[in-house]
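Take a look at the structures listed below.
In the two complexes that follow, chain A is the common piece, with chain B as its partner first and chain C second.
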Partner chain A sequence: MKLNRKYLPPAFFNGSQPYRWAVLLCLLAWAVTAGACRQPSVEGILRIGLPEEPRTLNVWLASDAASRTVLRQIYQPLYEDDPETLEPVPWLAAALPVYDAARLTYTITLRPAHWSDGTPLTSSDVAFTARMIQEFKIPMLSSRWKQVERIETPDAATVVVHLKRPLATFLSRTLEAAIVPAHQWEPIAQAARESAKPLAYLLNYNMKDPVGSGPFLFKQWRRGDYLYLQRNPHYFATGQTIADRKMGPYIEGLLFKVYGTTDVAMLALRQGDIDMFWQGIQPGYVAILNKNPHIKVFDSQKSALYYMGMNTRRPPFSDVHLRRAVALMIDKGFLVDRLLQGRGTQLFSIIPPGNRQWHNPDVPRYGEGLKYRERLRRAYELLLSAGYSWEMPPFGSQGDIQSAKGLRRPDGTPMGKVIILTPPADYDPARAISGTMIQEWLQALGIPAMARPMEFSALIDQIKNRRDFDAFILGYGRLSIDPDYLGSFFESSGDKTRGLNTSGYRNETFDRLAEESQCAMDPVIRHQMIMEMQRIIMEDVPYVPLYVPNMIEAAYTARFDGWVPMLDGIGNRWSINMVRPTSGRHD
Partner chain B sequence: MMSLNRYILRRLIEIGISFFVILTLLFFLFHLAPGDPVARMVNPNLSAEDEARLIAHMGLDLPLGQQYLRFVGNFFTGEFGVSFHYGQPVAEIIADRLPNTILLFTTAVILSALAGVWLGKIVAWRKGQPLDTAVTIGALVCHTLFLPWIAMLMIWLFGYRWGWFPITGMISPEIWIDPHSGWASKGLDILYHMVLPLLTLFLVHFGSYLLIMRSSMLETLGEDYIYTARAKGLPEKVIRDHHASPNAALPVITSVGLSLAFSINGGALTEKVFSWPGIGRELVSAVSYNDYPLALTCFLLIAAVVLAANLVVDVMYAFLDPRIRY
Partner chain C sequence: MSADTNNRSAPSGAALPEAYWQSAFTESWGVLSRHTIGRIGMILLGLFALMALASFIPPLIDPIYNPMSGVDPIISYTSGPSWRHWLGTDFIGRDIFSQLLAGARIAFMVGISAAFMSIFLGTAIGMLAGYSGRWGDTLLMRLADMIMVMPTLLVLLVMAALFGQLNIWTIVLLIALFRWPGVARVIRSQTLTLKHRPFIESARIAGASHLRILVRHILPNVLPLALLYMSFRVTSAIIIEAALAFLGFGDPGTVSWGMMLQWVWKTGHMFQAPYWLLPPGICISLLTLAFYMLGRAMEEVLDPRMRREDPEE
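Let's turn to the complex of A and B:
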């Protein structure tokens, strides 16, 4: 067929012959490649989008979300949280552990299980894992095993753990850690012991083929592109009923694909290139995702804490009255409605309400439901009675609101500039804008506040290492269900360089409760203590809890369905065990 | 030729000194910036003691001077260290990602340079005609396109809307995990994935080559030897292709040489939007994670290649233009 001259640019004919050939070749190449690259059948393979490349397959180094998502399918714990009650249920263990208060021991019986290479999983694997964490003081894990004195393995299915002292978090924190195979890790641990830097050797060990006991086993990893796991034929839970669920997995494999941006991942989801994106998404995407009938959007509560911390070590926030006034001025409803587009919860205590078991609703709830004028009036009266004075107070003689000026502290010194440090908007727009809003609210009260976004690691450096700041806005995106962290955040012992007690809060009653609650083996007593600790913190407000954004997730349900929503969303161990091909559900 | 050798030797010494200065500056810039590699791991399970242990494990607890000496010593013995983030030797990570970047970006530079030179030559020859105006404006528009925007547009239109090309990535994992896939289908798969990013980079880059070539060509057209060639009665095509363009191409060569050198750093934005597993994306994340060994080695690799490319371009001048002697 001859090309019509009229529709082509003159250069097409004036140029040299190779030009035409190039065009034809390109077309041909495209036709061939497009033809050849028809996607082969991936039936039974669940495709999951990840926002970042997994860091490693070495379980001791895996501190990032992507690696952990992958490794959670491979390594299994003894106990796992029930999706409804959030209470620990036996996983690799056959039953809940038996505690002997007199001897300070926990006895755990294991289910019959095998590693993915076919060798049996025994009590010695459990003991090995614990000893390895203790011996190498593996970061993030070692503190959980610190109170373990020794471990006995009377038989292959029984583990007896001797504690140094009673530890209330032993079941919910320590026993929910993953177990690794001794036969794979023992030679590595031995080599690490003989090296100059054992911990460095262990963390930098290039684990290429992790042997696990989970529903999937490692198959292939092309860095930057994908990671492929195949169904583990030796998986102990297949066909078993745990927490009233008949465990699968009902799929043949898991294919993790890495996406550079969420925008593109959302296009991939809408097109069905992935079946789920394993990461919370911004509320802005929900409307467009909802238009696709195959996409299901899950909106779950999160165990998270977004808060404003104040430096109680130095003025002005060393004064509890000022902190309370600040807490009063912050309109959490506004932050949730406007910044989170309603997809979130206002937070009035450190433990979020999604953690039903441990949340204390009965604490001072600063400013809840109050209108702007009422907040301002209460905060003003609070500061006035504490001895603060103004050149121009926020209320005029007629009770009209005016711009407050010249705030002086009770000792007569003028209130200096107060800087609120926030992460930058590209890191988290909600926190950055919250800073600006809080700045406005504090200025209305006469506090010369200024929000300052700062590069994230510089911000952490300023708060945790230099400890030189007035206030900051940060968040913990994923808190454990056990409220053990409450103590870590506010115990006096954590008020040190790199410590978690960033606001430098010190309170002896709180310290004592935190200490005792760790050893309170009676759940009722521990519960009371945790409630009381929350109340104390909200009385003194070193942190003003702001909000918890919802976990918004999306799944493409044309191929697979059966996701299990729970606290923190559908990206959990239960989902992976329960998800099944949609077509097989019609029977 | 002797003088050329001496010139090269002198330049090599200069390059060595520049490289050492760059290395020193980069090292201190990274280490003196606030924050450290554990800062980003805000986690209630990470105690202050854990953090201190991690810092020691990375060797960051030593005095800065000592760290520097150690770094320099290791670097020049080919020991680039272990990435803090991946826990993997830096050399391995770079060796893993660099080919992907070179494949995409070097191809893009070469293609857009060839097209730019070729089209620039033609439009300069037809200066003032509608074709020239249209192409020049087109080139200017392309040159000023905002890359992430055009990349997203390409993905949306060709990938999502019309489904002609895969939306992102370098490969289809579905093909690669299939044991029946042969090398041919894997190779074609990469080509198929390359089309959109390549087209985007081509659009953004070819405009500048075209404009350089066009203006350089226009300068050449006023030269005496062109009049001579015309006076000899040579065909226009011969004058253009054999007399004018070899001389006009010199500035383009410099530009292409440097672009090729910089192409090893990839483009963080392009790689991010197209989920291309290259070095540019790695570089950005290494900087944000304070992964000093990886970030430093990436930057130093770029510095070395760019310094070398400068030298190569200079030497090439001597060969391409016999009038130039050092």
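Let's turn to the complex of A and C:
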């Protein structure tokens, strides 16, 4: 700031040292206090740390975790998963939808609800949201609404959805999408229609003041500093009981602060500068967090899949025997005990055991509980019987382990170098080091494996677009509860550029089951199909499921408590509705 | 700065008797070993060289001491120093001491080979530019200018992001490719002053080819200066490699000190496991310091005007 000579007494410029210092001090004090006052007062406000700056407030563009975290407090779905049973429970809807098999319709009744600007939330908003997603083919959402033929709104509280064909995932996937207000988005959609590229216009639209129906409404965003949400007085659920819980919110606002590094966030948490860090943390932090009596560490199961995928399109992994031998060699117990410090679960099927309803424990469990020598022996015998040969096999004449060399495939060609692509260690140390460990185990069998960490977007490009690789280690961090992803990961139609079937797996029986399971409206039959699909995949092992890390989260409980742990941790809608100030004492 | 390096050797040029080199070496060694900073530098270097050599031993004792893939069968978390693990274990039970030894080996390898390559390039290009003069000089020096202003670490990070993880030798080569211009400039100016000395003139009149003049007469006179620069280049190469590894772009197949720091940071043990955080950090600082001290001492050996104990100064 430039001081204007005219407004300052002459003493300031000539002589009088003390006076000059006093003025400067006053200015300094003013600057400091003004700086501190910029943030909203913290009384009754829950402060949450985010690992990165939200990218946008435009709900259609929000694909990053931070934006979604913020927008989830603003936009609400019709149904939400129960924290204990994981079954869908009515949220904006008043009851579970009524399915009419003859007419292929779902009838949904809405609760009386209002948008944060006071206008009522009606069936036309639901119809508008669906139409908009379909019309503009919005990425990630349009596939969920593809099977919807048309939507009727006989009255303000009733929505009738006509489907093109039976869709088992309609309730758990489609109806859990967030509803947006027609009165705010209709003019924008209209402008988008008139523009040259409607979808790009819509995605690039700079939404400054999103109107939602959630517990909080958007108030203020200072980029690089904080984002503030204030309690929504029109929130429909306040005081109501959903899934046996009396809904709040019991807090006045949410203040999101960005912490670029976990170390700084953990320091802020320990000092009580934030009440919770909305991000899973490394097990290494737990010991120091536990020393603080106010900090609660939550260790929740995750609906996630960390796996090694193999390219079944080309040798050497086009051979199922080799894939099974690889699966046998991988010591998942080691990965969980060491890399995850015991905070995780070994995976033997594609659907993680945390998803109790859909997980199939009855699949081939390669190498479970075997010692190193035993897994090496079994993998060796498996390859031997499949016609593989060695110049120097992994076992000597006395049955002693030796370093295997010169592995040849059944057709006599030498086994070339096998490269395992992994994300870089700074992205995820566990996956990068898993790659190194798997490299060592495969080398013991004579497979010249090499782990190569790669920058993440280059890695995805290599696997999904160029499809030029032998094997890779990746993970899906948040799998939906509904297992329809199982079909998309392995059905033949997904074996294309940018497709989800990254290993290029093709199996007609599986394709048929995947297709049928989507339309199976009988839950029992669908359950059987999903179990069978998991078994087929584990027979053929295009992916070797490795582990699922626990979601480790920490909250500072001196000011607020009442977090609701569920699958995927405490960062969920229920927590935000249930967290309340700790009675009496504040810090 | 040390433009007068050739004071001692200039009068006689290249064709010197063995005895001259011997006495020159003994004299230089004398100055170097009497120089306190140089002595500390050399002792430190000797220690690190010992560490690098010793890095081959632990894996032979027991495979659990393999710095990359060996893990303690019982300890599956980070633990402090003990008899079994002198500096403790990292988060999956690997021995930190053997990692530290292996890191010394990598640091030496990266530092010396990158420095050697950049000195080789810089000397060759600098001599060529200085000797050829005119547009050859202009061309080479403008190229040097262009490369000199590129931030090495940033370019390396971009490269690592583009081509996936870089192999340790690629990193060495890239560091060398980006660090030669400084050397080239100094060698060029030295060559320029040498070019017009009488002994070069006489060599030319005697019918020596350009190549012979460069190799037999100019090279021996710029070599001491090149060696001096080498010790500084080692320092910067080690620091660049450590920074790269710390940021997660090192060679994943090697255990370097930067990599150890990255592991301690990314696994959340930064403020909890000082026995894991401090050793690699201290080693990086001490090794670069050692090379720097040696460089300072060598500078005084090569430039008599800097010797403070010299009564004439």
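Note that in this section the second predicted complex is superposed on the first by the 542 of 587 C-alpha atoms of A that agree within 3 Å, B and C clash if a C-alpha of one lies under 4 Å from a C-alpha of the other, contacts with A are read in each partner's own complex, and residues count from 1 in each chain.
Convention: a residue touches a chain if its C-beta (ideal position, glycine included) is under 8 Å from a C-beta of that chain, and two chains touch if they have at least 3 such contacts.
Computed from a predicted structure; not experimentally measured.
Engineer: If chain A is used to align the two complexes, do chain B and chain C fit next to each other or clash?
Structural biologist: Aligned through their shared chain, the two binders fit side by side on chain A.
Engineer: For A:P166, using the defined touch cut-off, is the partner it touches chain B, chain C, both, or neither? Pick first, second, both or neither.
Structural biologist: A:P166: touches no partner chain.
Engineer: Give the label of whichever partner, chain B or chain C, reaches more residues of chain A.
Structural biologist: Of the two chains, more chain A residues are contacted by B.
Engineer: Given the touch rule stated above, what does A:D263 touch, chain B (first), chain C (second), both, or neither?
Structural biologist: In the superposed model, A:D263 contacts both chain B and chain C.
Engineer: After superposition on the shared chain, which partner residues are touched by A:V42: those of chain B (first), chain C (second), both, or neither?
Structural biologist: Only chain B; A:V42 stays clear of chain C.
Engineer: A:A458 contacts which: chain B (first), chain C (second), both, neither?
Structural biologist: In the superposition, A:A458 touches chain B and chain C alike.
Engineer: State whether A:R338 touches chain B only (first), chain C only (second), both chains, or neither.
Structural biologist: Second partner only.
Engineer: Classify the contacts of A:K219 with the two partner chains as first (chain B alone), second (chain C alone), both, or neither.
Structural biologist: In the superposed model, A:K219 contacts chain B only, not chain C.
Engineer: Quick check for you: in the superposed arrangement, does A:P448 touch first (chain B), second (chain C), both or neither?
Structural biologist: Neither partner.
Engineer: According to the stated criteria, A:I433 is in contact with first (chain B), second (chain C), both, or neither; which is it?
Structural biologist: second
Engineer: Considering the aligned complexes, could you tell me the closest Cα pair distance between chain B and chain C in angstrom?
Structural biologist: Between chain B and chain C, the minimum C-alpha distance equals 5 Å.
Engineer: Both chain B and chain C touch chain A; at which residues?
Structural biologist: 263, 455, 458, 462
Engineer: If you look only at chain A, which of its residues touch chain B in the complex?
Structural biologist: 9-11, 14-15, 29-30, 32-34, 36-37, 39-40, 42, 45, 47, 52-53, 55-56, 58, 61, 63, 137, 139-144, 197, 199-200, 203-206, 219-220, 222-226, 228, 253, 255, 257-261, 263-264, 267-268, 270-271, 273, 455-458, 460-462, 464-465, 474, 476, 479-480, 484-485, 488-489, 494, 496-500
Engineer: Can you check the complex and tell me which residues of chain A touch chain C?
Structural biologist: 262-263, 266, 281-285, 287-288, 337-339, 341-342, 421, 424-427, 429, 432-433, 435-437, 440, 450-455, 458-459, 462
Engineer: Can you check the complex and tell me which residues of chain C touch chain A?
Structural biologist: Residue positions touching the partner: 68-69, 71, 76-78, 91-93, 160-165, 247-249, 252-253, 259, 262-263, 265-272.
Engineer: Which positions of chain B touch chain A when the two form their complex?
Structural biologist: Touch residues, chain B against chain A: 33-36, 39-54, 57-58, 82, 85-88, 96-97, 100, 118-119, 122, 131, 152, 155-156, 159-160, 163-178, 180-181, 184-185, 188-189, 191-192, 195, 271-278, 281, 285, 288, 290.
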